Each structure stands twice: as C-alpha cells, then as structure tokens.
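What follows is a pair of complexes built around chain A, which joins chain B in one and chain C in the other.
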Partner chain A sequence: MEQSSTSALLQGTVLDLASDVVSALRSGDHVRAGSTLTAGGAGEGVARAAVRVLGADALLPSVLLRVSPAPGQLAVFKDAVAAHPPRADAAPAVVWSHWAMARTLRRLEHPLTGPDAAEPAAEPGADWLDAAGWQTLTHQLAVLAPLALPGEECAVTRAARRRPVDVARGFVRAVRRRDWQQAAGAGRWLTLLDGVPDTLGLEAGLDFVRLMGGSDPRVVLQLEAARLMPAAVLL
Partner chain B sequence: MPSNEVLEEVVRTENIDIDAALDPAEPDGVFRDSRECAALALQSGGTNLLLSPPTPRPKKG
Partner chain C sequence: MSVEGVGEAALGWVWAHRDDFALGDDALAADGQVNRTWKPLGELTRVCASVSLCTPPAGPLHARARDLLDFAWQQTHRGELFGLMQSLEPFATYPLEIYAAFASAGFRSPGYEASAAVVARTRGWRLTEQYPTRRLGVLEAERHSGIRPHGSAAQALDRTWLGGLPEPWTFERAAGYALTHVVFHVTDWGLAPRGVPPGLADYLPHWLPPWLDTCLEARMWDLSCELLAVAASLPRPPEPAVLDDAWQRLATAQDSSGAVPEEGAAQDAAGADAGPDPYDFADCYHSTLMTVFAAALTAARQRDADHAGQHAGQHAGQGVPG
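Now for the complex of A and B:
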C-alpha cells in the first residue's frame, strides 16, 4: 500500500512539474517552472524523484529559451542527478535519461565555453536502437524525448536520424493506439528529422494529438517543445 | 524539518521505483478503425492525418 501511495504521489508530482514546464515554455518565465520544487520541504525526496523522472526536460525552458534557471531549480536538478544514478543493470533508456540530465547540467554551467565543455564523460551505446523494430524504436525514442533538441549530437539522435520513416510509422501507430504520450514524443523527434514523408501530415497530426491528449501535461510538454523546436538554438 | 517528517520522507523516497517510471512498458493500445479515426479527425476541425481509406480486407469466397 505504501508503494502504491508513493507511486501515486510521484506521478502527481511529475504531472505538476510538467505543468510548470509547460507554463514556462509558453510564457518564457523560468521561475514558474520551479514552483513545484521546494528546497528543504517535506516532499523534497519526492520532488527530486519527480525531476529525475521528467529528466532533462525539467530544465527545458532554460535550454530552449536561453534563460538561466532559478538557483533553487538548478539545485534540485543537481540533487536529482546525484541521488538517482542508473544501476549497473539499468535499461538503456534509464542510462540515457541520466546522461541527458548530466549533459544539460554541463551545458547550463559551462555555456559556450568550448565544444568539450558540453560533453559528459562517457556516452552510452545505442546499439539496442539500431536492432529494434520500428515500433520499439518509436517507443524508446518517445521515452527519450528530452534528447530531441536542435543541434543535439549523440548516438540516440544519430539512430533517430537514420530512420525518419520508421519514426513516422511509429507516430501514426501511436496515434491509432491512442497513446498520446508516445505520439507527442515521436512528433517532437519528427520536427527535428530530415526525410520525414510529407504525406504524414505532421502538423495536423500534432494538432490532433493536442486535441485528444491535451489534458495530460506530459503530452503538452512534448507538443510545446515540438512547437518551439524549429526556432530554437541549442544553448 | 521535524524528525517524523524526515522519517516519512526517507520511507517514501526509498519506496519509489524510479526505473519503472523511467522506462515504462508500452501500454496496451486500443486501435481505432479507420472510419472511426476519420470521424474523429473531422470532428477535430480540418485535420486530415487519419483520413486514410479503410484497410483492405480479403474478399469472402
């Protein structure tokens, strides 16, 4: 019972945090993105876990809109990276999401100080994506949507770039399965990829996902990211 | 933070299964029929993503 109540608490906090990020992306106000995060409060551990679950997207407004994160926000983000490292036997998506957070931290702490400043120590492998069918590829890319950023260069983005048609097929499949979160994440990737078939109707598709799945802030977060992506320049 | 709140916090944090949330299994999907999708797309006001013809089915006999 403790487990389920904790899971529900975590899930609720992730949703609150995603709502904050959406508000910040829409308004350009980084402070709003941190309103769920309270340092030293009774829910600090849960907030930290929620940041880990939302991943690098917790600081997406700072990255996409090029505004400095609030100090408290940055502190909780750092705590989340330190407190929840991937286990030795963790799934690739877990390892990559942690890598993405570490990369975001480096970017924000060493902006534009040289190409090496943004490189985390070791990049995990992405062979599992190359071996995956288009359905699994799309699911995993949607889970790793925080890596879908303009100018991002890593093994996951390279794997996505090699298979735009597969991601497009996965997007349609996700829509037809009414998996709005996966559809929104895949749609975010597709805004960055070359070679996406025009017949996909991506813009209309994203509108449809917003119409159907727009009550979930995690879906809206991906859609807002996709909206901002073409104009954004990576920090 | 009072000590009982700290204790509660530690218990909560230790119970959190982060990995399950970070790499969720794909939920069971509910596939819609193409005609149903077309109706939804029309309702959405002009989107045409799912206005594909129904999937061909083998003829009987």
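Now for the complex of A and C:
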C-alpha cells in the first residue's frame, strides 16, 4: 500500500516536472514555469527521483534556450546526479542517461565534484545500439531522447545518425502501437537526422502524435523539444 | 521450419479441404452468397495459378497447385458457368476477375471471352463505380482475358492509397488490404516485380518492416501473409533479417494441420486442445491460401537470388566484370 502510494506520488511528480519543462520551453523563461523542484522541501527525495526519470531533460530549457536554471532546480538536479551513480551492472540506457545529466551540468558550468565531472571524456560505448534491431534501437533512443540535441556529439548520436531509416521505421511502429511517448521521442531524434525518407511525413506525424497523445506532458515535452530543434543552438 | 516447409504444410491443408472450395447448388442462385461460393474458389485459383507459374515443375508445391487448378476448372464446368453467370449479372465485374485467374494459368473459354468483350465495350462497364484498387484489378482481368483494357492502369494506380505514397504511420487494416492488392495487380500476382513503379519500389522497402511487425504483433496473420507476399514481389526486397523474423513469427501461428488462422481471435476461440482441425473453413481458408502464396513467392525470389549469385560467380571466375 505504502509502496504503491509512493509510486503514484513519483509518477505525479514526474508529470508535474514535465509540465514545468513544457511551460518553460513555451515561454522561454524558467521563472514563469512551475516550481516542482524546490530544494529542502519534504518531497525532496521524490523530486530527486523524478529528475532521474526525466534525466537531462529536466534542465532542457536552460540548454536549449540559454537561460540559467533557477538555483533550486539546479540544486535538486545536482543532488540527483550525485546521489544515484549507475551501478556497475546497470543497463546501457541507465549509464547513458546518467552521462547525459552529468554532461548537462558541465555544459551549465557547474561541474559536479566527482569522477564524472572530472573525466568529461569518459564516454560509455554504444555498441549495443549498433547490434540492436530497428525496434530496439528506436525504443532505446526514445529512452535517451535527452541526448537528441542539435550539435550533440557522442556515440549515441553517431549511432542514430547511421540509421535514419530504422529510426523512421520505429516512429511508424510506435504510432501504430499508440505508444505516444516513444513516437514523440523518436520524432525528436528524426528532426536531427539526415537521410529520413520524405515519405515519412514527419511534420504531420508530430502533429498527429500531439493530437492523440498530447494529454501527457512527457509526450508534449518531446514534441516541444522537436519544435525548437531547428532554431536551437546548443550551449 | 523453412519457408517452403510452411508453404507445403499450408498447401497440404488446402488439398485436404478442397471439397470445401467446391461450388454448391447455390453458386448460380439469384440470391446466392458470392462470398461463400465463387470468392473462395476464385481465391484458390488465383493462388494456385501464381504458385504453378513461379515454382519449378519438380518442386513440392507445383504438382499439387496444378491438380488444384484442374479441380477448380472442373468446378466451373470447364468454364461454362462463366457464361451462365454473365447472363444472370451481365455488368458485374467479379466473374471476369475470377475468370482471369484461370486464364493466366492457361485455362480459357473463347466463348466467354467473346461475350465478356461485348459487355466491356459499353460505357456502362467503363463507368462502373468501384474502389481504385478494384479498378486496377478489373483492368488486369481484361488484359488476361483478351479484352482491351478500358482505361489506364497508371491513372488507376495514382488514385489508390498506395499510389499516392501516404504517410506510412497512417497504415490501418483497410489501407493494408488495399495496398497489398495494388502490388498484386501491378506485378501480375508476384510474377513480374518490374511492374512496380520506381517510386513504390523505393517506398515499400522502407515501410513494409513496421507494417509487418505491427500486424504480426497484433496476430493479424492474414494481412501479415499478404504483406510477406508483397515483400517477395518487389524488385528490391526488404533486408533478409526482417523477412526471416517475420516468417518465424508466422510459423508459430500455423497449426499442425497446416492451417493458419486469419486472426488471433480464431486461435483464442479454438483454445489449447482444439483437436486435429481446429478452425472453421471461413476462419482460415484465406490466410492459409495466402501463406501458400507468400511462401511460394519468397522461395522463388530466393532461387532467383541464388541463381544470380551463381551466375555472378561464374562470370567472376571467367574474369568478366560484373
């Protein structure tokens, strides 16, 4: 009972946090966004866990729009990075998600005191993506959508760039399966890739995903990111 | 099991159930149910015609397909019933569409072709209202039956869902069945991959994989088989890994009798201990025929590829540039 209410609380916090990010991306100003991340509050542990779920996207407005994060937001984000380093046997997507968060902190010039920040070159491998079929590739890329940023250069983005048709197939599959979050994440990647077949109809596809899945702020977060991609300049 | 093995088992089921394809007394009745009489017989003929033309005479599928064609032709009284059908419904297109399947395999009735040509000269025939995909099929039926096609196949193609190169994520069941038949018509039921226009030859290998994947996941076995037949009808098929995976998944749906059910719902209804013949004829005959069709085309393409490889190897051995 206690566990399920904790999990419901976390889920709700993730949605609130995603809504905050969406508001900030739309308004271009984090101050006008919600305040789910407030350091020191009773829900700090939950907030930290919610940041882990959204990963580097929790600070996406700062990265894409070049606005400084609010001190409270940044503090929770830093805590989330420091408190949960991936275990030695963690899945590649978990390792990369952590890497992306640490990288975001470095980008914002608030280096974390620890081995991650001290070794910016310590990039994990992406062989698992090269070996994956197009379905798994798309699923993993959607999980790692925070890495889909203009100008981002890492093993995951290189793996995605090598397989634009496969990611496009994954987008079609996700829409067919009504998996709007995966479709939106794959769509965000596709806005960055060369070689996507024109017949995909990505722009109409993203509008369709918004129409069908737009009640979920995690979906909208990806769509807003995709919308900002062509104009955005990475910090 | 190999692709050919899946096809052979499916054709075994068809052979064992050939009497269910027979025309009953109601085939020419004024209130006859075409979907239960002529349609299954026509589909049997369509598949066996293609299988007999794309398989080597000594192969496991060829002789049985020819025998089934003989059986089906006998059911039409060696073509005589087509004239009778025409006298009942002179402007219906389905008798000509069924007849064309026989004609493509060399079973012909000059008398019926002459009378069909009279009807096909009318404006009324040319203006028959029908889906663009069906229109394409009628044009092909005319061509196979010695009748000058009443319109342009390219124009008919442009008006189909597939011909307009739709966004692939708009694919749904009805669009799927429309697109498979477009490809069947433009390739003469898989026998002429070069009939696929260049735009479609690029488009289809991109998007068949997610369509196949999601249809297989939804246990839409019938449409999955048709998509596999489409994949084997293209000048440049999708990657082998995609097709291998799809065939393995389809094979799991095949019953020990060789039957492949139309949809997962039929499997659920049959239950775990359904006995030696678990599905109603209506719930599995079409998907089982489509399994035969897709398997024969896939094996034929594989033979073509092997042959081309040997050919290239011989040339390479002789020092001739490829």
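Definition applied: the second predicted complex is superposed on the first by the 221 of 235 C-alpha atoms of A that agree within 3 Å, B and C clash if a C-alpha of one lies under 4 Å from a C-alpha of the other, contacts with A are read in each partner's own complex, and residues count from 1 in each chain.
Definition applied: contacts are C-beta pairs under 8 Å (C-beta built on N, C-alpha and C of every residue); 3 or more make two chains touch, one makes a residue touch a chain.
Keep in mind it's a predicted model, so treat the numbers as computed, not measured.
Participant: Would you check which partner chain A:G201 touches, where first means chain B only, second means chain C only, and both and neither mean what they say?
Facilitator: both
Participant: With both complexes overlaid on chain A, does A:V175 touch chain B (first), chain C (second), both or neither?
Facilitator: both
Participant: I want to verify the contact counts: of chain B and chain C, which reaches more residues of chain A?
Facilitator: B
Participant: Just chain B (first), just chain C (second), both, or neither: which does A:V165 touch?
Facilitator: Second partner only.
Participant: Name the contact category of A:W128: first (chain B only), second (chain C only), both, or neither.
Facilitator: Neither chain B nor chain C is touched by A:W128.
Participant: Just checking: does A:G45 make contact with chain B only, chain C only, both, or neither of them? Give me first, second, both or neither.
Facilitator: first
Participant: Is A:V94 touching anything from chain B or chain C once the two structures are fitted on A? First, second, both or neither.
Facilitator: first
Participant: Could you tell me which stretches of chain A are touched by chain B in one complex and by chain C in the other?
Facilitator: Residues 135, 172-173, 175-177, 200-201, 204-205, 208 of chain A touch both chain B and chain C.
Participant: Along chain A, where are the residues that touch chain B in the complex?
Facilitator: Residues 2-3, 6-7, 9-11, 14, 40-46, 48-49, 52-53, 55, 84, 87, 90-91, 93-94, 97, 135, 139, 143, 172-179, 182, 200-201, 204-205, 207-208, 211-212 of chain A touch chain B in their complex.
Participant: Give every residue of chain A touching chain C within the complex, in rising order.
Facilitator: Chain A reaches chain C through residues 133-135, 165, 168-173, 175-177, 197, 199-201, 204-205, 208.
Participant: State the interface residues of chain B toward chain A in the complex, per the touch definition above.
Facilitator: It is residues 1, 5, 8-13, 15-19, 21-24, 26-27, 29-32, 37, 40-41, 44, 46-50 of chain B that touch chain A.
Participant: Taking the touch rule as given, give the residues of chain C at its contact with chain A in the complex, in rising order.
Facilitator: Against chain A, chain C makes touches at 165, 167-169, 171, 202-203, 206-207, 209-211, 213-214, 217, 241, 245.
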